[in-house]
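Just dropping this structure here.
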Amino acid sequence: MPRLTKQRSKKAGLPPGTLIHIGERKAEEAKITIIDYDGDHYQERETRTVEECFSFKDKPTVTWINIDGIHETQILEKLGDCYGFHHLVLEDILNTDHRPKMEDYGDYIYVVLKMLYFDKEGQQIAADQVSLILGSNFVISFQEREGELFETIRGRIRNGKGRIRKMGADYLAYSVIDAIVDQYFVVLEKLGEEIEFLEDQLVSHPTPATLQTLHNLKREMLMLRKSVWPLREAISCLERGESSLLKETTAVYLRDVYDHTIQVIDTIETFRDMLSGMLDIYLSSISNKMNEVMKVLTIIATLFMPLTFLAGIYGMNFKYMPELEKQWGYPAILLLMLAIAIVMLVYFKRKRWL
Amino acid sequence: MPRLTKQRSKKAGLPPGTLIHIGERKAEEAKITIIDYDGDHYQERETRTVEECFSFKDKPTVTWINIDGIHETQILEKLGDCYGFHHLVLEDILNTDHRPKMEDYGDYIYVVLKMLYFDKEGQQIAADQVSLILGSNFVISFQEREGELFETIRGRIRNGKGRIRKMGADYLAYSVIDAIVDQYFVVLEKLGEEIEFLEDQLVSHPTPATLQTLHNLKREMLMLRKSVWPLREAISCLERGESSLLKETTAVYLRDVYDHTIQVIDTIETFRDMLSGMLDIYLSSISNKMNEVMKVLTIIATLFMPLTFLAGIYGMNFKYMPELEKQWGYPAILLLMLAIAIVMLVYFKRKRWL
Amino acid sequence: MPRLTKQRSKKAGLPPGTLIHIGERKAEEAKITIIDYDGDHYQERETRTVEECFSFKDKPTVTWINIDGIHETQILEKLGDCYGFHHLVLEDILNTDHRPKMEDYGDYIYVVLKMLYFDKEGQQIAADQVSLILGSNFVISFQEREGELFETIRGRIRNGKGRIRKMGADYLAYSVIDAIVDQYFVVLEKLGEEIEFLEDQLVSHPTPATLQTLHNLKREMLMLRKSVWPLREAISCLERGESSLLKETTAVYLRDVYDHTIQVIDTIETFRDMLSGMLDIYLSSISNKMNEVMKVLTIIATLFMPLTFLAGIYGMNFKYMPELEKQWGYPAILLLMLAIAIVMLVYFKRKRWL
Amino acid sequence: MPRLTKQRSKKAGLPPGTLIHIGERKAEEAKITIIDYDGDHYQERETRTVEECFSFKDKPTVTWINIDGIHETQILEKLGDCYGFHHLVLEDILNTDHRPKMEDYGDYIYVVLKMLYFDKEGQQIAADQVSLILGSNFVISFQEREGELFETIRGRIRNGKGRIRKMGADYLAYSVIDAIVDQYFVVLEKLGEEIEFLEDQLVSHPTPATLQTLHNLKREMLMLRKSVWPLREAISCLERGESSLLKETTAVYLRDVYDHTIQVIDTIETFRDMLSGMLDIYLSSISNKMNEVMKVLTIIATLFMPLTFLAGIYGMNFKYMPELEKQWGYPAILLLMLAIAIVMLVYFKRKRWL
Amino acid sequence: MPRLTKQRSKKAGLPPGTLIHIGERKAEEAKITIIDYDGDHYQERETRTVEECFSFKDKPTVTWINIDGIHETQILEKLGDCYGFHHLVLEDILNTDHRPKMEDYGDYIYVVLKMLYFDKEGQQIAADQVSLILGSNFVISFQEREGELFETIRGRIRNGKGRIRKMGADYLAYSVIDAIVDQYFVVLEKLGEEIEFLEDQLVSHPTPATLQTLHNLKREMLMLRKSVWPLREAISCLERGESSLLKETTAVYLRDVYDHTIQVIDTIETFRDMLSGMLDIYLSSISNKMNEVMKVLTIIATLFMPLTFLAGIYGMNFKYMPELEKQWGYPAILLLMLAIAIVMLVYFKRKRWL
């Protein structure tokens, strides 16, 4: 299980805008990838020194700077100085505990979102934070670790497939957001399978472990919700926004991502409802089992207690117990016991306990 | 049970607007039906080649192109090229996992909705996606499989009954939506009957199978909700919309469908509330049964344990137990036992356990 | 119990505006009552032929046409033709499964609401649908069956009591709505009494039948909610509406009915909360009873099992059991048993089980 | 417990504005108190004839007419005639079942609110309705019975303490509302103490009576909510209202009362949440107790059943049972029994049942 | 546990604006700290006489007056007279039971918020109220007791680090709010740890004490919610406010604090959801345990009751019981008993009870 809260407290008392990385350090060393393109040209460079980016600042082509690994605060500082980002933006990029949001600073738009993926090691959903800064001719993206998700976008730029090379920086930003939201569906499918498997298990043989799995799934749903709900508002802001950085042709694409986000939220809510329903089933299946156990106990006790009592009667040592002397006493009492047992069983049958 | 999520993940990483069919393939081959009419003329044609539709594009009459089976993406592509639909619209038509929505593209309006029907084979509610594109003089509808639902509309056009032949494409689009929403009532009636049957069963003899049915009904309600809730907003958008494609005379009809949608939602919510209440009844009926079982056990144990103890006392082998020697010992002890039993039974009677 | 859904499905596939009566047929034959009045004149007529109404259409006086029994669709058709009502309005009047609403058609306003009453035969709340059409100088009301509710309004018009004779058709429409909403309080009082009775029963001796009653009350609450919630919005629309049919002096009266509706809703929500709370009490009272039963069982078992064991010990047939030979053996063992029993009872006392 | 609904049904069928007192008659005879003041003058009069008030109507000074006991409808009628109040206002004053609201009639503002107090006799929260009519130079207040609450305001006017004598009628109306809302805190403190006491009791020794108290508290919360929630809106309307009757200097005071109302609502919601939580604790404490009882039963049964069986074995009367003849038979079997008992106890210890 | 409600009732009946301290008296003597600075100068003074502050009133530099301990009402009175604060503001400062809010009085803005900290003594979350008054060139802050929280801000002013010395009073006010909100994260981390610890405990060995802890955590959540929810609105008002006291450069910082507040609320809601889920787990783990206990009981009873009965049979004293005479009787019966026991155990194994 991931920690419930990240060690944000170490920032308490520091002035706002202090650059401190909050969260787990996920990458060894920051890696900077620069892609510069327009309809005709294309250039890609990988580097570890942030200064290389600066030359692209005033080029008219679209520049995509992607930084994997955000714990090296001096990279951010230099980048921020060069591009003139507000120090609060830089602070938010470093704080990986941030909720998704979108902020319009006039010259640039800052977007935070969560990339979700299924962590095969921990067998659970994990979230990385992605920050995007969209300017008139650049997109700068920050990832906590190197991921394969952006590779497909890079591929499309390289090959000049689709319309990405013909469109501006806003379409690139959209493509990044779209890739991240598409990934949510992958995670949801995985969760959907787990829920269906759990449902089958609940019906066939529920165990306390099933309940534990149910609880973990619920907790993952909480995390997902926290990651996706605010994103909806953020994208809606982008779409409706009056920023001149977003061209009208891109708005229809943003509306498409917005639709996807709502669908993700719908699915999460459906899953939550289903998990609640499954808890009810679990609890009533426990009750049912208890009922069954109790019935067995009651049947046995009700059957043997009267018989044992009868046997006890004729085990008494009174001098004058006429039945004991009779030749037919023993078989008679055995027959009586049999009769009692049969009556009892018929009674249970009638009560549908057998 | 239908899968919780469709295999949407196969689209992750592809550029937006890529035409990929998502969902089960429900029809063998796509079937195209073209109906062209105005107040005086009427023409109907069935074809498998999409190019036949193109000639109707610039006719002033109302053209209804219905396509059953959407897995053949090249049909969509050609149609989209001819009519100039946005490639995101085409993508959405292919994605059968879409939530109902309405989008105004200026020249045309795109509407997605779910057609619900009771699947007799699987004994459950199933949903097909229907997409509508409404232009100034045409309606193009896409269905996942051939259905009988539209046949009644076609009949009305053929016979020239009602006002459909006198009105424009917007009224046709309304008629299609209305037919689909009307179908919801059929489904709800079916569900209402199931719920009433279940309620009777719960009272007479609840079993774990009843609970399973309850759970399945709840799950179907979740699906219904997901299909209908967003539709309400979509139709409300249509009705209030400022699109010039929708004439004012049609608005009153749309308000009527809107009312129906709200009524469907109301009924779904009522059903949900009832199903929740039924779970409570089920749980307390289990508890009640357990109580009854426990009472039988307790009565038997409380009755026979003291008696067996008494018998045990006089079964002891002490040399000097004066009672054993007495002639009246045995009948006396039997009478004592009878007295104890009667006292016990009176006690249970008082406690209302018998 | 009334059916959950009415047979609305028979309309599926028919063109909008088709006049089909949906719901139970509650009256034998439609009865038409015409009242025509102004400050000075008053005229009342009862008829079975709808054509008699037509002469009143263009009179400047206020005309109230009340129709009891709506299954005869040709009456509606004629009336609609004469007054020029939209065919969707006529369709809605016939559909007794409609939710309350208000629609402004410019020349006239159409209002649907539910009349609630306590059905003495079925021992439950029942709902009839009432439709109102308010024009500049007329009110046409449609009831499913003849009711006494409107008689008091007729009485006021006849006697010229109050301000009804001095005001216009809008005040008449208000009076009808007010009479119907006032009736809700009567129904709520009846339900309040039932809830209080049930509450007493829950505390004194809850049975599974109590639970069934609880469930039925909850279901009635659902029906009430469905009838009243949308009415609130409808009346609010009327009050705030810019229709010239409603004079400003009537608005304050509509605000008063609106207040009443909100109060009805408040009471319904309070009742719902109370019924939920009562289910919790019922469930915990079952648990409490089970606890009590278990305690009796445990006390008996804990008391007699050790004693029976002791008796069993001295019932063994070993040759050499020195205690058996002793004169004091029997009384000693009886004393020991007594001591054990006392210790046990003290233990139970301490545990507050006795 | 107060009745759930008041006998409002007796008004059904009567024309609107009919003056009928709804609710319990709480005062013997109506008492009218007139206070007339400005910065310099002060006059106070107590009377039983309403006509005395009329002379104050056109005075420029602030007049406060307070009427304790509202069942004498003719007082209201005369007052209404003199001041020109709408007959619906008079009707609402008489209906003590009204929810809090504020209505602006132009010349005067009508406010209804609930005065809450702890009824020492019934040991519960009770509510009286207070109606206020604020005019340009007068405040008329109606109480169901004589209360001490307004005495403090009268005191402040008499002594000329605070700013009340320097301000207008709107400040007086505010003072009355403020006094009533302040009283809510007293009631909430009382309830808070009860809840804390109940919480202690739940932990130490919960009984079915605790549950009953819990249920009553919940019911009182429902009543409180009904009394306070709508008040919030009413005061908010007053504060934001554009009525010329409310001077700007008074608005800041109204905002203060508004804050208090929200705080009252916050506290009520917190209490409700706490009471819900307490029910969960109660239910699980019942389950815990049951568990404990079951453990005792199981331990005793598991301990003595095998031992009794063993004793039973050697109580059999077979001719050839070699162990019985042996000198060591009896002590050996006793030791065996001891061993079995010890093993069992260790087992229970391990399972944490002891 | 802190009291649910503070003794606010002592104010009931007093005129508004009466200065009475509500809440616990947390500081011995009020301590006044004055800091006066601009970009170049810096001055700090500590005093116990409020008159020293007055000289700073008209200085163009930023003055921060911090008062620890608010029970000495005459300090407030003098300060209020000098700066011209509304007497309702002074009253609110003294009322430590106030909910967070922001009020714009034109010349100054009044903000109330709650400072949360983990009270090590009481082992729980505690809340102090902080009031802020922001004027054009001053900030006056009121704390219930001396805290270390503001020391870090003072340090930044002293050292001239960050941008605080270059900015105005509004930035100082922001810094104070930011410091308080940052502290919330510290408290949330502490709670997160407790919740995680509790979760582990629930799985490994739940006890009634666990439930008590759960309940206390829930109660703390309620308190947190009450403290933070309204703050969100207050800060949002500040940010969007049109007050000229807040410069545009500060707005972006306020938006940052607003984001933090929303994140705190998100976390609180997540915690609440988790705690609810944990109660379900607790309840079902109790049920599971009960099931286990019942199984042991049932196994033992079902095993030994038939055997004891058999032994009882052959313990009967009938004269003619042929089996008793046989040499093989005893071993045969022992074998039979063994066989029965084995059959039983196999049955339990099949039922998965072993």
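Each chain gets a letter, A, B, C, D and E, in the order it is written, and its residues are counted from 1.
Everything below uses one rule, namely that a contact is a pair of C-beta atoms (placed from the backbone, for glycine too) under 8 Å apart; a residue touches a chain by one contact, two chains touch by 3 or more.
Remember, it's a predicted structure, so these values are computed and weren't measured experimentally.
If you take subunit A and subunit D together, the chains in touch with both are E.
Here the chain-to-chain distance from subunit A to subunit E, counted in touching steps, is 1. When the CA atoms of subunit B are superposed on those of subunit D, the rotation angle is 145 degrees to the nearest 5. Rounded to whole angstrom, the centroid-to-centroid distance between subunit A and subunit C, based on C-alpha atoms, equals 42 Å. Spacing of subunit C relative to subunit D, judged by their CA centroids, is 26 angstrom.
Each of the following residues of subunit D touches two or more other chains: 283, 287, 290, 294, 297, 301, 305, 308, 312, 315-317, 321.
Around the ring, proceeding from subunit C in the sense that reaches subunit D first, the chains are ordered C, D, E, A, B. Across the interface of their complex, subunit C is touched by residues 149, 152, 156, 161-164, 175, 178-179, 182-183, 185-186, 188-189, 192-193, 195-196, 203, 252-253, 255-256, 259, 262-263, 266-267, 270-271, 273-274, 277, 280-281, 283-285, 287-288, 290-291, 294-295, 297-298, 301-302, 305-306, 308-309, 312-313, 315-321, 352-353 of subunit B.
Those residues of subunit D lying in contact with subunit C across their complex are 1, 3-5, 7-9, 11-17, 86, 88, 92, 97-99, 101, 103, 105, 205, 208, 211-212, 215, 218-219, 222, 226, 230, 279, 282-283, 286-287, 289-290, 293-294, 296-297, 300-301, 303-305, 307-308, 311-312, 314-317, 321, 323-327, 329-330, 333.
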